[in-house]
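Given below, in the form of structure tokens, are the structures.
You will see two complexes here that share chain A, one where it goes with chain B and one where it goes with chain C.
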Partner chain A sequence: MPTALYRFLLSLVLLLPVIAHAGDASDFAAASSSQQAALLERWSAEPDAARLPLLEALQQGRVAADSNKAAFIETDGVYQPADGTAAAAEAPRKLRLNNRLRGLIATAVASHQLLAEDPALRLAAAQQLQKSAKPEQLALLNARVAAEEDDGVRDALSLALANLQLVDNDPAVRLAAVRLLGETGDPLARTRLESLLDPGVESDATVRTAAETSLAQVKRKLLIGELLGQAFSGLSLGSILLLAALGLAITFGLLGVINMAHGEMLMLGAYSTYMVQVLFQRFAPEALALYPLVALPVAFFVTAAIGMALERTVIRHLYGRPLETLLATWGISLILIQLVRVLFGAQNVEVANPYWLSGGIQVLPNLVLPYNRIVIIGFALFVVVLTWLLLNKTRLGLNVRAVTQNRNMAACCGVPTGRVDMLAFGLGSGIAGLGGVALSQIGNVGPDLGQSYIIDSFLVVVLGGVGQLAGSVMAAFGLGIANKILEPQIGAVLGKILILALIILFIQKRPQGLFALKGRVID
Partner chain B sequence: MNATNQTLLARASAKLGPQVSIAIGLLVLAVLVAMPLLHLLPADNALHVSAYTLTLVGKILCYCIVALALDLVWGYAGLLSLGHGLFFALGGYAMGMYLMREAAGDGLPAFMSFLAWTELPWYWYGTDNFLWAMCLVVLAPGLLALVFGFFAFRSRIKGVYFSIMTQALTFAGMLLFFRNETGFGGNNGFTNFRTILGFDITSAHTRAVLFLATVLLLVASLYLGWTLARSKFGRVLTALRDAENRLMFCGYDPRGYKLFIWVLSAVLCGLAGALYVPQVGIINPSEMSPTNSIEAAVWVALGGRGTLIGPLLGAGLVNGMKSWFTVAFPEYWLFALGFLFIVVTLFLPKGVIGLLRKKGEQ
Partner chain C sequence: MKRRPFLKSTLAASALLLSGLFPYTLHAAETIKVGVLHSLSGTMAISETSLKDMALMTIDEINAKGGVLGKQLEAVVVDPASNWPLFAERGRQLLTQDKVAVTFGCWTSVSRKSVLPVYEELNGLLFYPVQYEGEEMSPNVFYTGAAPNQQAIPAVEYLMSEDGGAAKRYFLLGTDYVYPRTTNKILRAFLISKGVAEKDIEEVYTPFGHSDYQTIVANIKKFSAGGKTAVISTVNGDSNVPFYKELANQGIEATDIPVVAFSVGEEELRGIDTKPLVGQLAAWNYFQSVENPVNTKFVADWKAYAKAKNLPNADTVVTNDPMEATYVGIHMWAQAVEKAGTTDVDKVREAMYGQTFAAPSGYTLTMDKSNHHLHKPVMIGEVQEDGQFEVVWETSSPVRAQPWSPYIEGNDKKPDYAVKSN
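Right after this comes the complex of A and B.
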């Protein structure tokens, strides 16, 4: 049977390369976890562009093996053999990885991506290697620094190289590495440099001195990042307080009404956002990313309508009795909270950021500015401008200001004070609703959402002075920044107490707040 | 509000006849004194009052004292405080410190051992002494009220501004006491008390004595309020509430009057808190939450501001309702409370007492 024999031999010959060199994937699948670690380290040191798909699949947990230890890569639910063409003996099982292996895989992917065409990918890879490069990669990094054409990537690579050179045998190389590390503002560089200060670790005195200088440089850069971060979170908190307090300033300034249910208007605004999101998910999932934009008018009109209804039914009867209004609106807030609890449950509901509000800009190694907070700062300023235009450039605004300054005189001149009250109350509540949309993008949405903001926003109004937009803006940002500056020094709680004490002392000097309306009225 | 500085007793006696109102008052007092005695009866006796009932009524009596204290500043001086829960809790914590030391014996209170603290913070010094603890019950709320009131009244903060500042104050206090590092047991507060002055805190006799002490404090503060309201001091306070500027033009300095009644009210609250803690057996920072303090305001508003009996009636009614609602319809209690706030402010500006008085006139 020469034909049969020939076929058999041929198939053996064909199989030979597969058996002799089973391929990286199957090597990996067959190895024990310590062997896998060694494999990954070797691959990291000698990257091969062909291996990248396998590593990425490993990173995403898509690699599986059957009982013969042949490796498969899953793509959209279908298992493709990783090496050769053999079909799976039975359903392959996903490889299990531990955290150490995952870290090594990330490093390996990065060192493979150093060969990528796209400079952005190479830069990301170099930054990853700054954190996790292994001594075995020294030669690779040296070669890449020499070959790299893009300046940014080369800088990032030389930093990654410097991290490895800190343990070089040649003091001159160590010295150069230490100096280079001083240029970064990376928190990791600080810990590495700090360890060098110990004579037991670093024997060369020149290198130690250089490390000290570099450390000071790094610390200065880190400090700048920290301060900017605090200033930014202060601005962010300030913009939230502003959105919460702006409506309150209008209702309090105009009607002399302390609206304890104002926080619940924020909460209702956030729940309106949730409802809009649910409706979008059900009826227009393709346009889901736009739901916050639709939620803005919805929340405004929902809360404004509720606010106007409350004004007509309850608050109107209590004008001139501010303390009673305070109690009645507190009662309203209790009812609203419980109503939401009954309708939506006591648990927080899930409001997800659309893609254009998630993520952030990395400004410095230790400073990331999240998009949602940036957008909210801008949005708060936009609302302030809008309110200012409304109050100063429209007929309604004219009426509102007239009633604020002298209710009786305004009524005598034909201003319909009742309707102005209602509209102004609706406006204040509507602005709170807009604030609720903003809050839903950065925090939890639950029935108690408003309670946590009401006291702070009252303090903003007290500090800013009644009926003054500028006062509210200054007070909100001032309180926000003061809060965030005090927080890391003495803790959030003591910071809050200190701020309260400062406000009480401040009111000694300026009882009417930052920006007081001048008048000669006395009761 | 022309003559609200007169006490209810005086007015009711004009309407109902002195015998009837005095008879009702004495009857209530007799029942309150009899309750702890009946508690001492064996459990199978038909007239036995259970420990649950006694604790509940004792708790409500403590709230009555708070309502009375709040009424002194709100109903008479026109200062709505939304922070009386803070003074109540401070008194309670001062008492709790003593009880914790009693329970711990020579060692540290249990929560400090959990935090691996080795010695007592300085402000715990001497709290194993009952007399010093009682001094703290008065001093802690009194001094805080004095300092806060001094600054607040000096810059003439009043009306809603005052309410907001007091609310922020109690909120800050709550946050402070929630921290473990503050040294007051964090959010668990103090509990697991064993003895007071060497007597078992759960025994029927101790309960009865604590209850009687509460009744005594209530009667004493009622008498104090009655004397104050009838004195010239009370009339100046009412004038201050109704037209502060005119009072100043007449040559009075309102600051001293406000400060005195404010501190007195805080101390009364502290005492009420000190009696509340051993009866209920727990004190934690949620007593300082703004919600609790604002609820006290509705007791006073429901009963009738500017009267002395009204707040007691209001505290009794609301808390009685609360105990019933939270068992029968726990979902709807907040609705009921919310509607109560609205109904009282819209339709009962003078409270239940005003309603009764109107009926008496017809």
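Right after this comes the complex of A and C.
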């Protein structure tokens, strides 16, 4: 069947010049995939403004063909003949593209957009061509550099041109190109320059020396990007660990409850986000992008309420009995997991990033900072500040601190210790819920979500020093950065093991953690 | 209050009616017991639960057509809870207490390795429905998933071809356990045999459930600056979501660096926002989107079954490759039992050789005459926005499995028929 189809297509293509020039779109629709690639390459070298709508339609996957291989472009569900030919006999089928063709289409669109009115479009096009320009486009780029009026676009174009000029016949042109490339921090320039160091490739000694200098420049810029990238990913991992652990820093750190159900509070926060998203999809699809903001209070109150209910019904009966608390909260965590599994199914649920949390900002050629991670770092700091204010600037916070330092004395002074316990546990759970909202934006939302964070959370709290918020913050960022420094050197698996070993050694030396409460503390 | 007596009387009446119509089905021990050994809780529940349901659906389907050898099949479902040693225990229970004629089950290679000694010792029969790393051929197991040459190697050949982007450098990324390690060992040997230099192959592993892919994606980017790169992912299960999200957020598109995955199918994409994945590739032997009458019926039956049994999220259920392999396996076993005229393991094994079945993949699959593996077609699919795959390349005919990959040293001396491992 495929060979028959191929023969059919081949015969069509062979017939094409005989029949007539049917138009670009139909040429494309009738060609085989390698002929389509050749067509696209030709079009990239000789842009024609009239062809742009077709290329854009191709890029958006809107081009279809009927059985006669006449091409149609779909706009809002209606198929229009692309080359002014007659309407289709039957419903046309969308053209099948593969990744290679998509890449060539992007290049072709870019070379057509070099002729666009809008300088921003031309700039984007020039940047695309820096990555993917083909030698056939040399003449085109030369012409555009000469004609370009906007300085920024011309610079970008010159770079795209320089990539092609590295194999120019004239050593002077090559030399200029090599020097120009040295001023970029483009990772691709590095490979291109490296290949020139070989005397077999580059015969001219001056160009080779220039390439060496340029290469050193490029490498320095790349190194800066890499270091910044590592620092950022360390901060980002730290902020995630912090959000996961902050709730536990209250329930375990302050209240002393070995709370194995903490992970499930994260999970419930994430599922609250999912529910809010579903409600938005159903009732307010136009405001869908705002759902994470609404999910924050919802998740906080849902998890806080569940936390308080747990405290009142189970945990308060177990104060002072850490082993039983451990087992009871572990049991609760299993119950919550299975409950969610029954209600929502064992499958992960889909929590989509809104547009303002998708993509990233290109800071350097080899450094992209994803928006969701930037937002989560900011959010983690916001939650820390909020928690700190709650604990240090409010009556509730004062009571919590009093109860954790000396329960009996606080009770004597008239602090309602039972209620404070409940509220503090609720606060810890609620903050875990907020963490869950953030986690839903970077990972999976499934019944087992909490299980993968519980160990890390305990590590952070224990390392930071039980009972200290500042300790947890330091420990989270410290672990995040240490992890990201080790990972590229020894791999993710060994890195994790080494971190664990280091923490164990550290706890041997300093059982009280990084920060310890000074002075007299009960037990 | 009124409903119960009514229910009871209807049940009694229908039982009477049935016993009149089918006098044989009600005789005690006149059913054939069939074991279903899939994790219904724990980390693997996400993947294995649907295989259990698919097995039950297939058994219902066979029963509705009159069962096997005139007897109804009776499913015995046990839950090994994603706990590898428990697989062996539950397997032993199925064979010695429930005396099942055959077992359909396991997903991870480590669970299969755990039950294998039990099935060899007690001469049981296991049908294993998942693509795996090969390096095994037990007379007590029929493998209905793909061996490496039926999935991994064709996928890499596609990436090397013009249409696949003519990749020159390969980034092998996997979860750290036996399947990715062995597959990558085979792929590395294969790539080197195709003239790819050592420095153009990078192998990276992450722990189970890894969720922070920042460093790895940054490394992929750095690696790709050295030439056209493709990523071959054997990342398992959940970790795929953060991996693909990170790729998209760092601005890597399928046109720049294609990622071909061996463990991402329709079921895994259900829990994912698929926008960032569009254009990424997966290699399997079946996709829900393949168009043929057998598959149309298979998908419709499955959707109807999910609704009727009220499975969670019944309106969005999908079929995938291991489900198809389960379906094919159960039907082939039923055919083999009919041919052998008995459920005796040794006779059924003989009858399985050369058994054929018109599968939902659109091909008539054959059980090999000696190596216990199916001949399967290989398909490469591209992820679409709706979480389905569109086939961009497929083999022209089913491929015979090579469980002992020629790319691993010493395998050329292994026999091409099944022998017990000890």
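The rule we apply is simple: the second predicted complex is superposed on the first by the 449 of 523 C-alpha atoms of A that agree within 3 Å, B and C clash if a C-alpha of one lies under 4 Å from a C-alpha of the other, contacts with A are read in each partner's own complex, and residues count from 1 in each chain.
Quick note on the criterion: a contact is a pair of C-beta atoms (placed from the backbone, for glycine too) under 8 Å apart; a residue touches a chain by one contact, two chains touch by 3 or more.
This structure is a prediction, so every number in the text was calculated from the model and none was measured.
**Q** Kindly classify A:322 by the partners it touches after superposition: chain B alone (first), chain C alone (second), both, or neither?
**A** Once the two structures are laid over each other on A, A:322 reaches chain B alone.
**Q** What is the contact status of A:493 with respect to chain B (first) and chain C (second): first, second, both, or neither?
**A** Both: A:493 reaches chain B and chain C.
**Q** Quick check for you: in the superposed arrangement, does A:446 touch first (chain B), second (chain C), both or neither?
**A** In the superposition, A:446 touches chain C alone.
**Q** According to the stated criteria, A:338 is in contact with first (chain B), second (chain C), both, or neither; which is it?
**A** Touch status of A:338: both partners.
**Q** For A:458, using the defined touch cut-off, is the partner it touches chain B, chain C, both, or neither? Pick first, second, both or neither.
**A** After superposition on chain A, A:458 lies in contact with chain B alone.
**Q** For chain A, which side has the bigger count of touched residues, chain B or chain C?
**A** C
**Q** Please work out whether A:199 is in contact with chain B alone, chain C alone, both, or neither, and reply first, second, both or neither.
**A** neither
**Q** Could you tell me if A:152 is touching chain B, chain C, both of them or neither one (first, second, both, neither)?
**A** Touch status of A:152: no partner.
**Q** With the touch criterion stated at the top, can you tell me which chain A residues are shared between the chain B interface and the chain C interface?
**A** 338, 491, 493, 496
**Q** Where on chain C does chain A make contact in their complex?
**A** Touching chain A: residues 40-41, 43, 45-46, 49, 162-166, 176, 204-207, 209-212, 214-216, 218-219, 221-222, 225-227, 238, 241-242, 245-246, 248-251, 254-256, 258, 267, 270-273, 275-276, 279, 281, 311-313, 382, 390, 392, 396 of chain C.
**Q** Residue numbers of chain B touching chain A in their complex, please.
**A** It is residues 74, 80, 148, 151-152, 154-157, 159-161, 163-165, 167-169, 171-172, 175-176, 178-179, 243-245, 290, 294, 297-298, 301, 331-332, 334-335, 337-342, 344-346, 349 of chain B that touch chain A.
**Q** Report the residues of chain A in contact with chain C in the complex, numbered from low to high.
**A** 2, 33-34, 37, 96, 98-100, 102-103, 106, 131, 187-188, 190-191, 226, 229-230, 233, 236-237, 240, 338, 341, 344-353, 358-360, 362, 366, 368, 370-373, 442-446, 448, 452, 483-484, 487-488, 491-493, 496
**Q** Help me check something: in the complex, which residues belonging to chain A touch chain B?
**A** Contact set of chain A toward chain B: 258, 314, 317-318, 321-328, 330-335, 337-339, 342, 455, 458-459, 462, 491, 493-494, 496-497, 500, 503-505, 507-508, 511, 522-523.
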